[in-house]
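Labels run A, B, C, D, E, F, G and H following the written order; every chain starts at residue 1.
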Amino acid sequence: MNQEELKILLTKIYNKNLSPDDAIKQLQNLPYENLEFAKIDHHRELRNGLPEVIYSQGKSIPQLKKIIKSLQKADSNILATKLSAEKYKALKPFLPKKAQYNENGQTLVIKKDTPIEGKGLIAIITAGTSDIPIAEEAAVTASLLGSKVETIFDVGVAGLHRLLDNIEQIKKARVLIVVAGMEGALASVVGGLMAQPIIAVPTSIGYGASFGGIAALLTMLNSCATGISVVNIDNGFGAGCIAHRINLLGEKN
Amino acid sequence: MNQEELKILLTKIYNKNLSPDDAIKQLQNLPYENLEFAKIDHHRELRNGLPEVIYSQGKSIPQLKKIIKSLQKADSNILATKLSAEKYKALKPFLPKKAQYNENGQTLVIKKDTPIEGKGLIAIITAGTSDIPIAEEAAVTASLLGSKVETIFDVGVAGLHRLLDNIEQIKKARVLIVVAGMEGALASVVGGLMAQPIIAVPTSIGYGASFGGIAALLTMLNSCATGISVVNIDNGFGAGCIAHRINLLGEKN
Amino acid sequence: MNQEELKILLTKIYNKNLSPDDAIKQLQNLPYENLEFAKIDHHRELRNGLPEVIYSQGKSIPQLKKIIKSLQKADSNILATKLSAEKYKALKPFLPKKAQYNENGQTLVIKKDTPIEGKGLIAIITAGTSDIPIAEEAAVTASLLGSKVETIFDVGVAGLHRLLDNIEQIKKARVLIVVAGMEGALASVVGGLMAQPIIAVPTSIGYGASFGGIAALLTMLNSCATGISVVNIDNGFGAGCIAHRINLLGEKN
Amino acid sequence: MNQEELKILLTKIYNKNLSPDDAIKQLQNLPYENLEFAKIDHHRELRNGLPEVIYSQGKSIPQLKKIIKSLQKADSNILATKLSAEKYKALKPFLPKKAQYNENGQTLVIKKDTPIEGKGLIAIITAGTSDIPIAEEAAVTASLLGSKVETIFDVGVAGLHRLLDNIEQIKKARVLIVVAGMEGALASVVGGLMAQPIIAVPTSIGYGASFGGIAALLTMLNSCATGISVVNIDNGFGAGCIAHRINLLGEKN
Amino acid sequence: MNQEELKILLTKIYNKNLSPDDAIKQLQNLPYENLEFAKIDHHRELRNGLPEVIYSQGKSIPQLKKIIKSLQKADSNILATKLSAEKYKALKPFLPKKAQYNENGQTLVIKKDTPIEGKGLIAIITAGTSDIPIAEEAAVTASLLGSKVETIFDVGVAGLHRLLDNIEQIKKARVLIVVAGMEGALASVVGGLMAQPIIAVPTSIGYGASFGGIAALLTMLNSCATGISVVNIDNGFGAGCIAHRINLLGEKN
Amino acid sequence: MNQEELKILLTKIYNKNLSPDDAIKQLQNLPYENLEFAKIDHHRELRNGLPEVIYSQGKSIPQLKKIIKSLQKADSNILATKLSAEKYKALKPFLPKKAQYNENGQTLVIKKDTPIEGKGLIAIITAGTSDIPIAEEAAVTASLLGSKVETIFDVGVAGLHRLLDNIEQIKKARVLIVVAGMEGALASVVGGLMAQPIIAVPTSIGYGASFGGIAALLTMLNSCATGISVVNIDNGFGAGCIAHRINLLGEKN
Amino acid sequence: MNQEELKILLTKIYNKNLSPDDAIKQLQNLPYENLEFAKIDHHRELRNGLPEVIYSQGKSIPQLKKIIKSLQKADSNILATKLSAEKYKALKPFLPKKAQYNENGQTLVIKKDTPIEGKGLIAIITAGTSDIPIAEEAAVTASLLGSKVETIFDVGVAGLHRLLDNIEQIKKARVLIVVAGMEGALASVVGGLMAQPIIAVPTSIGYGASFGGIAALLTMLNSCATGISVVNIDNGFGAGCIAHRINLLGEKN
Amino acid sequence: MNQEELKILLTKIYNKNLSPDDAIKQLQNLPYENLEFAKIDHHRELRNGLPEVIYSQGKSIPQLKKIIKSLQKADSNILATKLSAEKYKALKPFLPKKAQYNENGQTLVIKKDTPIEGKGLIAIITAGTSDIPIAEEAAVTASLLGSKVETIFDVGVAGLHRLLDNIEQIKKARVLIVVAGMEGALASVVGGLMAQPIIAVPTSIGYGASFGGIAALLTMLNSCATGISVVNIDNGFGAGCIAHRINLLGEKN
């Protein structure tokens, strides 16, 4: 039941074509439909240019085509994450020209023509060069959501000076995303030096006792530095989302 | 907003004291409140004699007293689980005479005076004598919910004949609860022999590589026998609940 | 030893062609054979149309061919689970025309000509589109066993309204199967809203700290909602079996 | 070397009492000392009323006394976390009157007389009553740091309506902290409904396969809802810190 | 149904006091009872002096008393394992004089007056002195079952010569039990040097990354030496049982 | 230093060509070399027909060729385990005609012409057909070592009667090897029924929460039945070795 | 800011072209830049011939080319680790003639023409032949850093004499690296026999409950022998680095 | 057999009182005894003042008394680790006056009167104050072994400047021990800044996802900085031993 239908129902009561008691019966199912339109309203306010997001892993080419087609009809910005180069190649003939594929970050973006004006700066920092793909996933996500993004790569704690040399640039951001695999210590060090909210992203980079990112995840969760919270291993998309949500605070929408 | 209030609102429209447009604004919050009364209705139908349940671990004596007092006002059947003997002793002076404490199962039951007529039989089977407390938690739960319960203890697979001797009794039940710690193999063996739905409850009985019940849990989840599903380690209460839900099927309420 | 043979033996005693002492020796092996025919009887009662099930993983094409051939001789309904498209392709030339392969669910069904009349409704609900294959494995299983099945896909908790919109359809079922990967929270939410027995199936969908389905498994085992039990990760078949066993209760066979 | 000392050194050069070459040698150690005063400066700006924090676990009474005494000299706001009632009792005779102990949250606060004017609202939501201590740790932390805090307890997903009834209150906050043990699904549901940044805190509440909070932790890390990041199990303090850092954005200090 | 009863039934048929058809009905339950007496027969052969075993953990004093009393009636040898000194103290007044408590091994033995004549030697070897209690549990078990036992303590691999000095004594045994905590490497070294079957028992001795015996367990399971199999962490009883079963081979009973 | 060399040295002393003091210096290195020939002696006694064993995983074709060639020179029986069909194919042209490859068990055997006379029976029992490869690895190993072997496949606990039908055959063996994946409950059931020593082999068969064999491993380690010990997951070779060592007891070599 | 720039600034003060107060402002950023040149100095002293190291996993061919090219310009010794044969093949046309690829150890070395004079001996010992690749990674690393290296392969504890035969050679080294997979017991045995510092490297060799090297890792961490410390699973490079650092002590640089 | 006895035997040969053949038989057991005296010799060289070490956990007061008494007879330096204050209190009346108990480090030291002259400096660095007990265990161990030790406490990465302020002091040491719990990042940061060999000690300090030190352990094992190796969680003793072994290199003994 949408607002139109609700209004028709209430008008029927107003016009005494429906008794309050009968109306109550019809409204039994209202909450859910009602909730839906409430959600829609709420979303409208929120979603100025918010992309629809497709998690591509475990989806077939036909499924992906169908979802993308349906979203294009709805005139949404579209973001597909974890999209392998093979899948992209198979999808490419069916995509509009403006579709942008980022092979590093494994993201596909199809933007509407109305430009996104980024505001508020998110700095995305990686410990190593192997962490860059996840950082790019975060960067593409946050950019498409409407944040300005700067990236600082390969400043891990084994060479502390590399980080310290970039302190001034990092200070300018409102929110920090720290992406690190192996032992993931970069988040703690950045947390000790900087005052912004930090979203830490463990990556699955490493071998042996890195256990596919568990080592970095635990490091970040146990950080003795304050102001750090953590997303799933390799979840650049999730980091981009929460960093953007934070970045919106105090900004005009 | 409860039904009464909704009716008042709709009557205002009916009497043209409120326009449909203004009513829509007031209904914006309806879904949630509406959902609540829907839940209550639904619950009323469901809860003939359904107890309110208190998970006692991590709750202080004053908190427990307050919750029990509030539930007694509502004239509910009450079930407290994982209630240690120490806590029970501290609560005892404040409990009504009809309160029944089961030290093995660590349950406290306060029943309303209207009797519960059990129907449909649930058989609760344990591998060892050390699994009995969890079995009793399940038995108390299912009984209070309104199922008939029989228990068969200490028929683990190390002496298969003990199980086989009780097959006839087990056959009479509509639903089986199998409670086992250590390697938890009993669920598979019962599943291979019997045709009823089986709820398997791993217990934390054991030592070393039983890892507090993980061994039994994994055994049960990986059972090669069909017709088995599993609840949390030591979760007699949960087993009693789902077994009762199953037991209701095809029974008159 | 079947009943016929047992009768012949006892008649020999009755006719004094066999002494009680010699009979005892021959009966030494009886229990097991006896148990077997008891099982067979029991099975006959149980198995109206029950399929023989082949777990295909780790079996070679020749092994699969041989098992299927033997089952066809026995005129059983046949269900093969976890059968990859590659294996199906290799088997196809040897299969009867009525064989049905479900690529999504990775199931192969060969039904006898006597139709299965489904009764009682099982609703199978997934959190995401990536969980559909496991849901289809459950659906094919329960259908072949003789239950009616409806599926409701992609109603995960990130968009709660999608679930709430389908509440009426879900209410009609006798048993619910909830299939979810990632954090698996859908089972708890459905458990909080609905009154039927719920079989929760964690899937291996996700990455990083989903640990191949462990996250969803733990979520479901720890559910604070009552009336939920859990099967192995990706075990659509097992969920279909127990849901059907439950669905039989109170139904005429 | 502090600013005063640096100025003396530079003045010596200015007055030609020290050559640039000799000064370089003395400045060899400067970075670290320099970094220290830089940190101090930076902190001064940040720390309007920022407490010094003492993690009390594994510290003896004499150690705690000594640390508190030293911080009082420095005229800081003081926050001690994870301080057991026993330790508090032992410390009490030595504490100033204005010291406030929160037994639930296991926090001790000693505030300076200059009042903290809270700004920006953080809503702290718990799934159950057993999660309240961690929520209070977060509340005390964020309050002392200078945020306004509201708490909404016991709105877990097993009774969804309880959450939905509080939506309006939750909407008013700038940042949300969601505290949940057992299966921790509340974070996903809140994440699906609300648009603010969410800090999820898994708690160790539960038993069996909750594994001391791992189940809730994994649920939160794998959340399919966007806008969620996670801190350590039972880390109410950490959640309060990052929530406050986020809450500062766009606020005048 | 025991053999006597079966014979009576068969004689009734023989004497035409019972028809074969009626006998079949009475024999329906036979398998299980039959299995039982088969088990008994089989056991009688096996159990010359075999003790009844009570796993004491998680059993109350009244339960223990009742079990011991019932076993004494049956005139069995009795072995209770994992019996704490506290529990023993509570039981002591009710035990017969011949009861022997081993505080190290936490075992209680009540032997019948007919002496057990040990045969075949089992050597039990520990890596450290802290592993002795588990070794004693194994020794008491195997002795009571009827094996001769020698113990060699504190010959861990950190001082290889200690082991090598005892090679001659170890060579005399038919079966070896190797008990080791921490890294558990002793089993591999003994396996490389000796030709007997080896039962390896990991103990929970150690700290940190010994994880309560997991380190030793994994070491023993992965041993590159041949001829080693493993029982549960701290399971001296289990090691004693299998070692005795092995030790029986080729011995006259 | 071998026996010959030692004799030469001692003879030099005897002939006063070497003083005792100088001899002591030369004997400083003796222990190890001495140990070696002791080991050799010991081995000679043990190794009537004992194969040299090659663990093939992680070894290249050239390495395998070289090792096999060197062993053939030494006129040993040869056993290669975990040898994939691909590797075998590459090795085949270089192998003698009598080489036997078992694709199921992934074993390669090259026997000397002197026949191995098997003695003592080992029964190898599997829960499912997918466990057969590991059972065959065990069978090939024990046979080559000189034991008689019988195999009983696919008698898992889901259909208990299948096991019970084979009890008589199983009773004839001196040692049992039980091979099972998934929940691994077969070992416990066999342990409850039979009196021989049992070597349990968990396999990696299964999916989801079988965790590559961990579920079966834990089940077997925690078995409530006595007389069971366990080898590594998929370690058919190890089971064959220890079973043979046990089988030798009381047999004439 | 480098030393030159700092001197210019200080000279400006000296020449009264800059006031001390203004200088302080400019020095605010000094620490980090200052730290950088300090690090460089320190490195110069340390890095006589120290290679730049490239961790090749997860890096693309173009990335590797670019990094190698940049390092060659800087005239460094270059070491790439974990470089697969495939990647090497793709890189080969672009590498200088003096580039040395070690396929076993998966290392690529490009040495400057100035020879490295090795000093101090590191002995690298492996348990099996499958551990050799990791040992070679360690050997190549330590050699390039400037240590002398000897390797002793396949002396695992299953045949203790093989180790004992090589004791004399091992005694000559200043530092030992022990490389072992499976149960990793070699480190403990070497630790019990020898007096040098030992770096233990667990490898991922093994199957089943070796869990990709966890078993060996835990064994080494829990070693009851003293003088052992441990690096990550398969981390030959790390072992080579720390062994070389240790080997430098007391040696002239 | 000790050297004396060996000389007597060889002299008998020399004097033709024993034939070489008979001598060989007597020497059969030599290796082990021989090995023992070799070990003793080797030890004598190594053990100038080396303490005998007692791991106190899991040992009773009578056992501890007996071991200490026996070691005192042997006139050794004695070190007991992990000795609780309770146990110390019970032992105290039996200890000599010179016994030194360190309650923080839980160590007991009984030194011989000959003074230990420390040489070479080991710096022991902790991240937090709660890590001090393990640091003291390391310090007491290394001191008693004969190293000079300095300690630098509470310089964790959350306040990087605290570490940087102590760089000069740390530079003076030959070996570094870094002790850290929680996320354990300090080892990586020190490893990036310093050139000495580093022994990293994870501690069990922390809560929640620190998992009793696993988080710190994994961090240290995965460190991207070179020159780090790791000992067991809370193993200050082990760190002290290996640091001392390293510290001996290049020093005169």
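Assume a contact is a pair of C-beta atoms (placed from the backbone, for glycine too) under 8 Å apart; a residue touches a chain by one contact, two chains touch by 3 or more.
Since the structure is predicted, the reported quantities are computational estimates derived from the model, not experimental observations.
Contact with both subunit F and subunit G is made by E, H. Graph distance from subunit B to subunit G, where chains that touch are one step apart, equals 2. In this entry, B-D is the pair from B-D, A-B or F-H that repeats the interface of F-G, since more than half of their contact pairs coincide by residue number. A separation of 50 Å divides the Cα centre of subunit B from that of subunit F. The geometric centre of subunit A is 38 Å away from that of subunit G, both derived from CA atoms. We define each chain's centre as the mean of its Cα atoms; on that basis subunit A and subunit E are separated by 59 Å. Annotation for subunit E: residues 31-32, 35, 39, 128, 159-160, 193, 208-210, 214, 217, 221-222, 226, 232-233 touch two or more other chains. Screening every pair of chains for touch gives A-B, A-C, A-D, A-G, A-H, B-C, B-D, B-E, B-F, C-D, C-E, C-F, D-G, D-H, E-F, E-G, E-H, F-G, F-H, G-H.
Interface residues of subunit A, counted against subunit D in their complex, comprise 39, 42, 46, 53, 174-175, 193, 195-199, 217, 221-223, 226-233, 237-239, 241-242, 245-247, 249-251. If you check the complex, the residues on subunit H that touch subunit D are 128-130, 159-161, 164-165, 167-168, 205, 207-210. Residue ranges on subunit C touching subunit E, taken from their complex, read 3, 6-7, 10-11, 13-14, 16, 19-21, 23-24, 27-28, 30-32, 34-35, 38.
Residues 127-128, 156-160, 182-185, 188-189, 191-193, 206, 208-211, 214-216, 218-226 of subunit F are the ones touching subunit B in the complex.
On subunit F, the positions that touch subunit G within their shared complex are 29, 31-33, 35-36, 39, 55, 57-59, 63, 82, 202, 204, 212-214, 217, 232-235.
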